[in-house]
Structures are given as C-alpha cells and as structure tokens.
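Okay, so chain A shows up in both of these, paired with chain B first and chain C after.
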Partner chain A sequence: MEKNNKSRSTTMNGLPWILPAFVFVAGLIYYSIFYTFKLSTLDWNGLDPIQTSVGMSNYGKAFSDWIFWKAIKNTVVFFLITFLIQNFLGFIFAAILHSNVKLATLHKCLIFIPTILAPATMAPVFRLLFSPQGMLQDLSDTLHLGITVDWLAQPNAALYILMIVTIWQFTGMSFILYYAAMSQIDKEMLEASHLEGAGLFRTLWSIVLPNCKSTTVSLAMLGIIGSLKTFDVPYLITTGGPNHATEFLGTYIFRQGIRQSHLGYAAAISVLLLILAICGAILINRMNKGDEK
Partner chain B sequence: MFETRSLRSKIVLQIVLLILTIPYAIPLVQMFLGSLGGTGFLNYKAVWDTGVVPIYFRNSLIISSGVIVLVYIFSMTAGFGFAKLRIFGKEVFFWLILVALTLPEVILLSPLFVTFQKLHMFNTFWAVILPTAALQLPFTILLARNFNNGIPNQLIEAARIDGASVFSTFWYVILPLTRPIAASIIVLTLINSWNTYLLPLLFLQSPNMQTVTLLPQYFQGEFTNDQTKILAAAVLTAIPVIIVYLFMQKSFEKGMSAGALK
Partner chain C sequence: MKKTKVVVVGLVALMLMLTGCGSSKETKDTSSETSGEVVWWGWTPGSPTNEKYIEAFNKEYPDIKVTWKQTSIDAYDAALKPALANGKGVEAFEVSAGSGNGGIQVFGGQAIDLTDAVKKALGDDYKDKLNEAAITTMTVNSQLKALGVGTVYSGNLWINQDLFDKYNVKIPTNLDEWKKACEIFEQNGINGFVQGAGQGAFNIDTFHAIADNVSPGNFTKATRGEVQWTDDSIVKALELWKGLFDDGIMQKGALGLQQYPEANNLFMSQKAAMVMMGSWYTSNALPDAMKSAIESAASTEEPFTMIPIQFPDIAGTGNTGSMFGDLDYSTAVSAKSSNIKAATTFAVWLGTSQSGQQIIADSLNVVPSLKSATPDWDNVKLVNPEKQNEPIKEYLNNAMNSGDNPRFAGINADMNQALMDVLAGVAGGTITPTNGAAQLAQTQADSE
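After this line comes the complex of A and B, so read on.
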C-alpha cells in the first residue's frame, strides 16, 4: 500500500490502537510460556551457571509422580463439588431474593462480601475457625456434641474444608449472575406455570433453571479455570498438606519451583497445567456453541 | 420467584433465607471476635503501633493504581481498535490475546523469577504491576471489545464525516459511551490487584515494599503467632474494602459479573 490512498484507509488503520496492548500482553505472556517450555527441558536450580539439558524426561517424571496425579484428582473433585454446591446455593439465594423478602440488601451484602475479600486476609480466620480454639469448637462444646474440630490436620477432611472456604467465597458470584439472569425471565411464563398447577420446585427446575443455562455454562467455565488456578487458599490454609492431601497443581509448582528450586520440573508441570487450562476452555466453548444452535 | 402471598409462606421464606445466610457471616464474626481475644481492643493498638499497616496500604495502593492505569489505557484503546477499526489480521491478534485468558499466574513464576533476577527488577513494584496487568488484560480487552461492538457504526461514520480524526472520535465519542464498561473494568481490576498474593509474595522481599495481602505473614513473624493480633490486622485490612464496597455496591456487582454476562 503506497501513500496515494492516504486520506481514508490509513487514517482508519487501527493497528496503532491495538499494537501497544498486544505487544505488552503477548510479549510478557508468550515470552514466559516459551521460557517455561525451555526450562521444562532442563535440570536447573535457577542460579547455577550450569544448566543440564534433560530432554522430555521432566514430563516423564511428572506422569509417574503420585503427587502430580493427586493434585489432578484433587482439582477434579474440588471443581465438581464446589461447582454443584456453590451454584445450587447461588441459585436458591437468587430465587429467594427475587421474591418479596425483608432485608434483602443486608442478605445480599453478606453473601457478596466474601467475593471481594482477599483469601490472604481470610486465611488466618479459617485456620482459627477450623481449629480446636475456634468458634465451631465452642459451639460443639456448648451443645455437648463431643466433636474435636481439628479437621485441617486430617488428610480426609482437609480438602473438604478448603471446598467450604471456596464455596463461602464464591457463592456471591453465582448469586449475582443468577440474580441478573432471573430478571430476564418472562413473568408471564412463571405465572402460566403457576396456573397450570406446577409446584414451586417444579417451576424452578423446569422453567427457571433452563432459562439460566448460559449463566450456568459461564459459571462452569469460571469454575474449571478457577480450580486449575487454585493457589492462595490451599497454600495459605494447609500449605498443600497434610501429606499432600490438599495439593493442587499451583501449590505443587510453587513447592517444586520456588521452595525446592527444581525449576525444570516445575516448568514441565506448568506446561501440563497450561494445556489442561486451554483444553478446559475449548471444551466449555464447544458445549456452549453446541447448545445455542 | 417464590410464592409469597400468604403470611405463612412469607415467614417460612424469611427463615430459610436467614438460616442460609448465617454460615456466610460466621467467618466474619470469627474474625472480629478472634481479634478481641486476650487484650481486647489493645490488639488493634499493638498492630497499629508497629507502623507497618499504613505502609502496606500505601504499597497496595501504588500497585493497584499502576495496574488500573495500564489496564484502563490498553483495554480502552485495544477494545476500540478491535471492534471498530480496520486492521490486517485482526482476528489473529485477537485470538493470540484471548488464549492468555485461561493462563494461571503460577505458570509465569519460574520464567519471571529468572528474568526479574537478570533485569534487577526484584523488589520493585514493576515486578508485580507488569505481570498482574498482563494477566488481567486479555479479559478486559474482551469486555471492552464486546461493549464497543454494541456502539452503532453510524455514530463513528458521522464523526468522521464531520472531519473528526480517529483520536478525537475515540476521545469525544467512544470514551463517553463506554463509561459503564470502563467502570466495571476498573472495579474488577481493583479487586484483583488489591487481592493479589502470589506475585508480591515472590517478588517483594523487603518489608517496606510489601502489600496488604502479606500483612498476616508479617504479624506471624512479629507477634510469634499471636492469633489475636493477626486477626486484628485482618480486620484492619478488610474494613476499608468492605466500606468501599458498601458505597459502590452496584459497580462492584457489575464489575465482578461483567465477564460472565454476554
């Protein structure tokens, strides 16, 4: 393109408008991704001038590492359970607050505040709450339930505690989204369903829930990506323990790469995590498009 | 949604709501009561007297402002460009940015760790601001582009016929019209950058550079695990966030949910 048609097409050329953002994002992120690929073929502690190339063996190591698989399993279980409960609660809250209830704003604020507080701020609170010195223990003692609250120390219970923390944190998100989706539903349709004699739960299940489908898909997407990204909550509350019972890919990468200086191995797990994250995004996107038709 | 015509159903619904909400208040109550254990309100005084709380707040404020400025400028210009301007290979650029949408920040750790060491960027705010903004941008650019798509082309045509340059079109037409999404982007970025933990943990080593998310750790060292003071610090950290939220409820709710609503 020469200068002859300068007047219109070059004044509307948008490249300068996107280029700074593109260079910034792509530069930093793709640089890091390629660097991670390179690191994943090394056995290196990050400081040593000697970098030993080990080919793909870090990946082989990951596939035969039980902690890696434990982290994957935790992520899947964590996603399924938090997704179901958090969205069920968010849905119910949205339905109730769409009815005529008193003090709706107060309740809404209480549910939403957890989503804006940093997990780092709340972590000490949860460590206390689920310890024998916390409120739950006092409650159990008052009611003479005879329960000792030390669940964070128990491998079987700790993961569920982290799920409770996450559900506590993100119900507000599900609630707000379902609340917005429900405002769009045609009132006459609900009225008709009521006149047909459909009960309350029948209406919620057969009319309201299907109408909120795109919201549920969005929440599934956020949930999958969020589960893969999980770091703050397990790192701060259980540090992945006891005995890796609450290990996630993020905490394991941190443990290997930063704490133990196995940068190559951490990078290999990072690459696997990246592949999982992209697969998750594609999968959900497909599901969404398949349904819209 | 629910039938609330009879008094009985009204009361039942109110009680169900109350029972469901109580668990959400428990951690907040625990935080507050826990912070008053031992020496009561003197815990707050002890925490305040260390003098670090305002410093950590200032640092978080600097970092959040930096991230917001970068994210705002890049999202607004790129959102406009992607939606309204002619660009060769536009879709390719857009998809390359969008792929980064799902990127977990922990993946960036090792490369940034090594690179920042080489560039002597350890212990600078840039080491947190730059990656945080880069991770936030794919999402906010998507939001800004989608919003720009909804602005009628005729408006831009009209401005052009009146002789406006691309820049004045952007400044006088696009920026005023995109205020709602800009507000959402700013709030969302504020929450995410204020709450970021991993990057400051790794890259800000000296105590006078650290952020509010690192306060609990500081007090664990300072008060040798005196829970009550750590919780007092947590309350002091949470209160400003809650107050800002209460004053701007609508913007916060919109900002947090902006991405999932198409």
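After this line comes the complex of A and C, so read on.
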C-alpha cells in the first residue's frame, strides 16, 4: 500500500513538468490534425460563415478523382527514382571523400551547398535553365545539337526535370549522413577485409553499405515523408502542370483548398496524406526490424 | 484526486489556448471619414500606378494614410484568406467577379455593405451613373460588397509595331497570315507570337476568342448552360486551339511558360512581336509604365510602339472583333477592420468620384466604372502618339461596346479549372478535342 502511494506520488509530481509540453504538442499538432479531420467532413470555402456537413463524402470523392491518383503515382515514382539516385550519389561521394582527396573540405562544401539553398531562390534559375529561351537551349543551338529544350511543357518529361532539381538539391543531405555513418565504421573491419583480399567495390558493398544501413533506413523514411510533402519545387517550377503531369499531393491540396476554395476536400486529402506518411514510416521501420531479426 | 486535478487544469489550459486561437474579437472602428490608416491589398495594377492613385487620393484626404500591399495574382487568395480571417492588417482589399483570384463569392462574406456609402456619394440614382457590371457582379445577397474600379476586356492581340515595320511584316488578319508573320519573325531570331500557356487563365482568353471567332456568343452561352460544351462549335474551337500549337504559331515550349512574368517579359524585351493580352495592357503604352515594364523584364531596350489588333480570323468565318470583359478589380472594405470609415472613404473615392475615376481613366489600366470618366487624350501622352492614339481610342471604344460577353464572371472555380485542364491537355495532345469538350460538359453538370 505504501509502495503504491509512493508510485502515485512520483507520477503526480511528474505531470506538472510535462504539462507545458503536453499543452504545446496537443495544441499545436494534435489539435491541428483533429481540426483538419473535422474540416474534411465539411463543404466549406474557408471564409463563408455557412459550413455544410458532408460526412465522409470528401474521402469518397478523393478515391474517384483521377488527379488524386495521378498525384499518388507521381509521388511513388518521384520517391523511388530520387531516393535511389540521390543516395547512390551521396554514398559514392561520401566514400570518395573518406579517401585521400585533395581539397576535401572544398568538395564537401560544394556537394552540401545546394541543400541549404531555398527552393524559392533556385526555382527561377531552373525555369530559365530548362526554358526554350534558356541556357540549355543556347548551348544546344551553339553546338548545333538540334534539341528543343521544351521539357517543362512536355507531360512526360516535366516530372523528370523536377527529379533532377530535387536530386541536385538533396544529394548533399544523403552525402553528409553517409559521411558521418562511414566515420563510425570500425577501421579494423575495413583493414581485415583488405587483408582478406576484398577489392574496393566488394568492401563498399559487403562492409560499408551494411554498416550504413540505419542511415539508409533514416533516409528512406525522410524520403517517403519528403515526397509526400513535396510542394515547393513543383509549385514553383511547373505549378503542377502541364495538365497535372507534375501534380503532387501538396500542390493538389493547395489547388483545391486555395484556388478552388474546396477547403473540406483539401482537408480530406491532407488527412489521407497523413495516413500515407504514417503507413510509409511504419513500413520502413518494420522492414528494418525484420532485417535486424 | 490530485492527478485528476492536474489533468483537468491541463485540459482547461488547452481549451483556453485553443479558444484564444479561434476567437474573433469585435474590433472597434478607430477611424473617421477623413482620417485613419488603410492597408489596401491587391494584385493589380501595381507600381507605379497604385502610388499615383494614392497620391491623388491624399490631395483630397491628407489625413488618411493608405499603404499599398501587393501580392502576385497566384498568391493573392492564399495570402488574403488568413489575413482576413485574422482581421488585422487588411482594411481595403481587391476582389474580382467570377472565379478569378479574389472572387467576390468567396471573399464577399468578409466585406461590409457599401450601398449607403455609394448612395451618399452619388445619390439614389447611383446605378445610372456607374457601369452596370460594377453593381451587378459585386452584389451578393442584395448587398453591394465592393465598388468596381474599372473593367478589363480581352479578345485581342498586342503587337510590337516597330518590329512589324522593321521586318516588313503584314499584320495578320487570318490563319495563313498569322503563320507567315510568325515564320518571318522566327527567321529573324524573334518569337512571333508568345503565350505563357502554362498559366491557364490566359489560355481561357485565347480559347474564348477562338470560340467567338467560330460562333459568336457560344462560349458565353455554354458557361450559362444554354449551349452544350459538346456543341460542334466548341469542338471546332478546341481543334483550332490545338492547331495554334501544331502550326508553329505558339512558341516552342509554350505550355511550360507563364504569361507573367515570362511571356510578358519576352514581349517587353522585344524578343516577341505578338502577345495575347487585354485592355489592362494599354497602360504599357504610357512611357513611364512601359519603361518600368521593360526594366522588370531585365531589358535595356527603349520604349516601343505597341498597338492592339483584332484576334485573327483563324476559323475563316469573318466573325472578328469579339471582346469580352468584366470588372478587373473592385475595392471591398473588411468588416473586421479597425479603420472601416477611412477605408470606405478610400473605396468610394476610387470607385465613384470624378477625380478618382479620372486618374483611373488616364492610367489606361482599366475602363473606369463611372460613366462620366473617360481618358483625357490631351493629357495622356503615349510612347508614339501618331501611331498609337487612334488604334487605342478605337480599341477602348470597341471594348466598352462589347455587350454581354463576360470574361470570367460566368465561370465558377470548378469550370475554370476544367477549362485550364482541358486546354492544356488538348494543346499537349493528351486529350482529344471531342473528349475535352465532353470533360467540360461533365464538369458543368457536376458543378450544377
């Protein structure tokens, strides 16, 4: 009985300490989530005093909306390609810069700088670069390549342009994380593999990569969530076009919620995005735990 | 028991916090009709024109400080919604008719009724003194929610007359001449016609012009449900629209370009000879406005002679000269403002006073709402008066007499998006004209 009282006393003493954080988290995050869910059951333009309840029909609308599915497909393709290329490049750069490279610090800076540049400042540059009046077109004309740089206008090409921009920007992030992970690898292990006669690629594949697994998992999780939240690059470079060819969930939420004033529908897509992000994170986590076992 | 108390206190704190976030306090009007501070939100016409309006207003009302806050067209709704919901920092704000940015149907609920203020300024017969659209399109639930500043019209092209003269190019009046003109300019390293087809609203203008060329009035009838979107004339218009891309009239990569800033910059920097813009572009015929536009286009070229021409008869029907328009922007007063009286004075001055509307008329940015205000051509100096005065006078005159042919006022947000999608899809070859027309019909049916 005495023991129980002691335990209760400890619990009660702890609660006031976590209360500010609890209020903050509950207020700012969970309240927003629940409020978004409430909004998703409404037909409302965001300003009108009249809010019409429509139950779950906004969710049904999303599942029969081809643009929603196009955004999902774009997100999946975008994640797979950017994740693979970005992390491959990041891994290779990190491995190279762990060897004796001249001006290593300069190279590290050059690789990492794009990560800290705001997409808003880079988007106009890329719009110009890939414009028919831009630098690539000038280069093509100068070299008489006969290529018309109108890729942002082509539904099949525009998404890949966005991937190039994203890979350019975030390879530095993969690089820096892999670089840090490689610093933690036991050097004796690498020396042992060398003595066993393993070549460079064999060592990278069989020793370095497995030891960087937790980094890869973290990058995968960040990649999934980042892809689902993608907004700035497509919005600033293609505005989701042409004809929704580069639509992502983020741009579609903005289009529906702000441009078309369907705040309830936009909120429904936001809730679906949240569910997808949680599922993606759980999936990656489980795969990781499964491998560990 | 103590634990329960702590949890209850926590939840109460949470409730109070959330209530604080969501509450809308009644604001007290601290201004008067002659003094106060007004933050005026809008997307057009921008510097230096807005500053001129404010300067003229302050000659009559020196104690009302007006601050112009501009956002881009695309960002306007996103920026204004939270600002209005918050109730601070917005006294007067621009709204538009129909489904464009700042749509009155969306934002009108946040504005006060200006009927009494207008009656006080113009008398009970105010409706006779103002452009009809300034009243009808801004009336929501029998309340006048905003005062129209002026009307814009579209349906025409603007050309760089100096480039046409330099390369001895005939001004196009039909499809073949248009193709030929583009070809000659291309050979000389200049884009013939430029359109930022990645910015859908301007595509609707071009398509509307084509549809009126095929069968006058059918576009407007389709928006009203009087003609089916699947009508042959609409399908034909979509085919002609597609043809602009296939025949080399639209510049390469048009679907990847925005009308603003890219197409506008190409025209202003004299890298393109023709552009699809409406009457709002007339202000660029003024030397100061043009210099500013040229500098914004990162060009060092001198101001040039731009004149409006009719949309070429690409359907071969002879139906040319169609123009369509609606109020470009109107000024509403935020119901949550703490400077309602001062903001009302400003909105009424801008939309109904002879002095306010005269400066609007002389800026050539929009056609003024007050019928008695027309441009003072002795006072308005164009870049090249000899070549520009007559065509521009005639152009504005045609615009004002264009009749019942609204630009966006009859298109709701869903139809607007559907039109943009279909036009981009047809242009890019992912949607056939027939399917595109069916898609429009379906959206119209759904949105009804």
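Keep in mind that, in the parts below, the second predicted complex is superposed on the first by the 273 of 293 C-alpha atoms of A that agree within 3 Å, B and C clash if a C-alpha of one lies under 4 Å from a C-alpha of the other, contacts with A are read in each partner's own complex, and residues count from 1 in each chain.
Just so it is clear, a residue touches a chain if its C-beta (ideal position, glycine included) is under 8 Å from a C-beta of that chain, and two chains touch if they have at least 3 such contacts.
Keep in mind the model is a prediction, meaning the values are calculated, not measured.
Residue contacts after overlaying the shared chain place A:Leu272 against neither chain B nor chain C.
In the superposition on chain A, A:Ala158 makes contact with chain C only, not with chain B.
When the shared chain is aligned, no partner comes close enough to touch A:Cys212: not chain B, not chain C. Within the superposed three-chain model, A:Gln260 lies in touch with chain C and out of touch with chain B [touch as defined at top]. In the overlay built on the shared chain, the residue A:Leu204 is in contact with chain B alone; chain C does not reach it. In the overlay built on the shared chain, the residue A:Pro49 is in contact with chain C alone; chain B does not reach it.
Of the two partner chains placed by the overlay, chain B and chain C both lie in contact with A:Phe22. By the touch criterion stated above, A:Ala62 is placed in contact with neither chain B nor chain C. More residues of chain A lie in touch with B than with the remaining chain of the pair chain B and chain C. When the two structures are aligned on the shared chain, A:Thr148 is found in touch with chain C, with no touch to chain B.
Shared contact residues of chain A with chain B and chain C: 11-12, 15, 22, 26, 31, 46, 133, 254, 258. Only residues 9, 11-15, 17-18, 20-22, 24-26, 28-33, 35-36, 39, 46, 89, 92-102, 107, 109-126, 128-129, 133-135, 168, 171-173, 176-177, 180, 182, 190, 194, 200, 204, 208, 214-215, 218-219, 221-222, 225, 228-229, 231-232, 236, 249-250, 253-254, 257-258, 263, 266-267, 270-271, 273-274, 277-278, 280-281 of chain A touch chain B when the two sit together in their complex.
Residue ranges of chain C in contact with chain A, taken from their complex: 2-3, 6-7, 9-10, 13-14, 17-18, 21, 74, 77-78, 81, 84-85, 103, 106-107, 109-110, 197-200, 251-258, 262, 266, 271, 413-414, 417, 421, 424-425, 427-428, 430-431.
For chain A in complex with chain C, the residues that touch the partner chain are 8, 11-12, 15-16, 19, 22-23, 26-27, 31, 45-49, 127, 130-133, 148-155, 158, 238-239, 241-244, 254-255, 258-262. Chain B contributes residues 1-4, 10, 13-14, 16-17, 20-21, 23-31, 33-34, 70, 74-75, 77-78, 80-82, 84-88, 90, 93, 96-97, 99-115, 117, 130-131, 133-135, 137-138, 141, 160, 165-166, 170, 191, 194-195, 197-198, 202, 212-216, 227, 230-231, 234, 237-238, 241-242, 245-246, 249, 252-253, 256-257, 259-262 to its touches with chain A in the complex.
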